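Each of the next two complexes has chain A plus one more chain, namely chain B in the first and chain C in the second.
Now for the complex of A and B:
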């Protein structure tokens, strides 16, 4: 009796201590069909300290493609069915460098702390156009400490600098820690998933988000691909 | 929900009194189409008005009469006149306000909203509502707050401290001028403060409508008040919903005063700052570096 109780208590403790972390995964590739719009070179001549950091002009980043029709900067995440996660502690970094946002798309979990750096020799004002979360707008001259921030509610927030109107990016605040942003090969990987039924969403800033349902067995790895139809304008 | 809120206010002593005094006489004529909730909004506005709580029910009636044409029945700034108006009427559902005493990204205090209603906004279609009695303006504050759920879960920010103004000296003016260059104020407001900086033509507000940076040479029709303390507050809080950011984390209080003193030299009125600058500029014609891109990065 006592032993059974002990077992029950200790297993309860295990459940409390660690949320059900599985070892299943969903991975795949995001590609496009159609003709992607031509990205335009950005004229930074009004900000010489930034212009001289780039040997060739920086291109706009509304739709960034890679080899093999790969689509970059797509946020792929578990939009339903994701296991509860503990409060995120890892601090993410967002840079303003050469009058560009690096990365162009920063995905984060709600309440995840992040820091915004100004690595340039010019002032930026960082202005995330939040609608659900509070909207703020802060000046950040060169050499000032990073701005600490976090968002409490899930939202896709466009970010801009009013001083340098070509600068734009996104904060993607998610309900889950299971997300991945595609690189130039278009690949993504969502790891540490227990068995379950999931909805996976892929978001690209110029396109309608896409979703797919995936059922994962214990320890199973599944491949899921997303294809976005793109138009040349 | 309505009953519950009414019950809550019923048991909070002061609110009850005010509810009887101001809420009840009007409540028979309320148009419930534009009354999202019946609640009393806690407010310190009472210290100014002798009216301790704004009452939404009473505010709704006045709102319908004076505000709905522009701000709309849902408070989203889409009233029937909105399409003809520039700048657009405020969207209260976002709870983002230009003129606040609180840090960027936080809710304004009731006093801030009360002041905005009282002052009106120059260079816009929003008139001053000073002719309305103070208690009615307080009720409008409660009404404005009823349009966004943020007021249910968030508290207003802690108002920024406005330090005692530093003396007006030429050193202060010159340092303010340096900051005007260094903080890139001129990128939007222009090297001479005429609102014609290199980024000026690209600016949009958060609703993506074009917006002009302030032209200091046009006078002192400042939206959020024209005193030196008002300008100080503008830098520190930023004007949320517009391209004007907050400098609270990056300039010190005395620097903000220096900037205020410099801005007064850009204005056409005769001020002490302008006199100081004029005589300095006359004596140092050759060694004044112009503001703008030619001076290079600091």
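Now for the complex of A and C:
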């Protein structure tokens, strides 16, 4: 009897401690209408060790499109109504490779550790232009160990290299673990959501962010699409 | 001891002169139309100062050789008329030398910096920033778009601050990271900088010009030889200064036309 009670109490504790996980999901596709601007080739001839890593010139990445009017590098996340989550432990990886930031957009949860690698045969000086979080810049000669970092507060942080002006990216720090960054098919998927009312936000670096409200029943899967209007200039 | 020092002085002097006379570490090839004038001026300056250097150092060595040892009881000689006359004579001689060099050099200088560029010059805009150079061509319409510094955005490649949304002339402007020019054609560069002082230096073009924030600085030249050379920044501009460079490629006119066409597609 006492044992049964103990088991019951501990199960209840487990349920209380764990975030209210659900199996509902929100997924969809991000597309554009209009004529997207032409991305410009980046001339890396001044940095030959980077230039020779690219058979064709790297293009600017402020608006990356895919087949079927898909929009890449859009961060879709639950901006309101998301269940509380415990502190993230998974360490993310961010690369400086071929004088480019990979990935171009790195989404992360507040307090999530991430490591910045220099895979090039040249020095980089990464400079995330944080305003809410502390701002820093760090030099990283070739062969040096990765830079360990994390941000405590949610913020969209443009990232630049102080040595190679064409290198640009974004850190998107969110107060939720429910986020997704679109690939070249523009699709996203937010999983493990319990029933509830959510606001879903889609952010693209040169557009106004868009939001949609979604109400999920228990175990329900809903489809939500975002369309960004783009101009050639 | 005095004689050893005199010998050392003579050896150092002769060795220094030898490396210049033998052109061991000499200037790079000159590819510009105005370059021979600059080189002529440099060589004249080196000859004049070199001869004076050689004579004065050898004279010094000679005096050290002769009078360097202990000379108790030796009478201290003086120049006739005292030091004042010698200092004045040196002042006049060196002054005349420098004025003469400046007078003959001013023609070369004026040709580069005071005379306007030829009316048929190809105009290219240059933007310097930590730590790269960017170059802008007017594009097929032959017109440059206006510059709006507040629109400068390295992230989307708008290094010059163009406004293609509202400015039709800016839409076909070609912005690249290397300078490509036709041979034997006068070139007019307008130098800008986004952030701080940089310098545009192409040793082979015999051109070195500071770029100052807030100023549009014109320089003009004609390249008379095809080839590829380095453009380097020669103002210490920060941690990436060592890496601030670009390339200039001088092409025959037909190859240049092809290149330009390929850029505007």
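As a convention for this text, the second predicted complex is superposed on the first by the 221 of 233 C-alpha atoms of A that agree within 3 Å, B and C clash if a C-alpha of one lies under 4 Å from a C-alpha of the other, contacts with A are read in each partner's own complex, and residues count from 1 in each chain.
Basically, contacts are C-beta pairs under 8 Å (C-beta built on N, C-alpha and C of every residue); 3 or more make two chains touch, one makes a residue touch a chain.
Since we're looking at a predicted model, the values are computed, not measured.
Because the two structures share chain A, they can be overlaid on it, and in that overlay chain B clashes with chain C. Applying the stated contact rule after C-alpha superposition, one finds that A:165 touches each of chain B and chain C. When the two structures are aligned on the shared chain, A:62 is found in touch with chain C, with no touch to chain B. Of the two partner chains, neither chain B nor chain C is touched by A:119.
When both complexes are overlaid on chain A, the residue A:135 reaches chain B alone and has no touch with chain C. When both complexes are overlaid on chain A, the residue A:213 reaches neither chain B nor chain C. By the touch criterion defined above, A:233 reaches chain C but does not reach chain B. When the shared chain is aligned, chain C comes close enough to touch A:43, but chain B does not.
Stretch 128-136 is the one of chain C that runs into chain B, the other listed stretches 2-10, 20-28, 128-136 or 182-190 having no clashing C-alpha atoms. Chain A residues in contact with chain B (one complex) as well as with chain C (other complex) are 46, 122-123, 125, 139, 162-165.
Interface of chain A with chain C (complex): residues 37, 39-40, 42-47, 60, 62-63, 122-123, 125, 139, 158, 160, 162-166, 168, 205-206, 231, 233.
By the touch criterion given at the top, residues 46, 48-49, 121-123, 125-127, 129, 131, 134-142, 144, 147, 162-165 of chain A touch chain B in their complex. Residues 129-132, 154-157, 159, 164-165, 171, 175-178, 238-240, 243-247 of chain C touch chain A in their complex. The touching residues of chain B, counted against chain A in their complex, run 94, 96, 103-107, 150, 154, 182-184, 187-188, 198-199, 202-203, 206, 238, 240-250, 293, 296-298.
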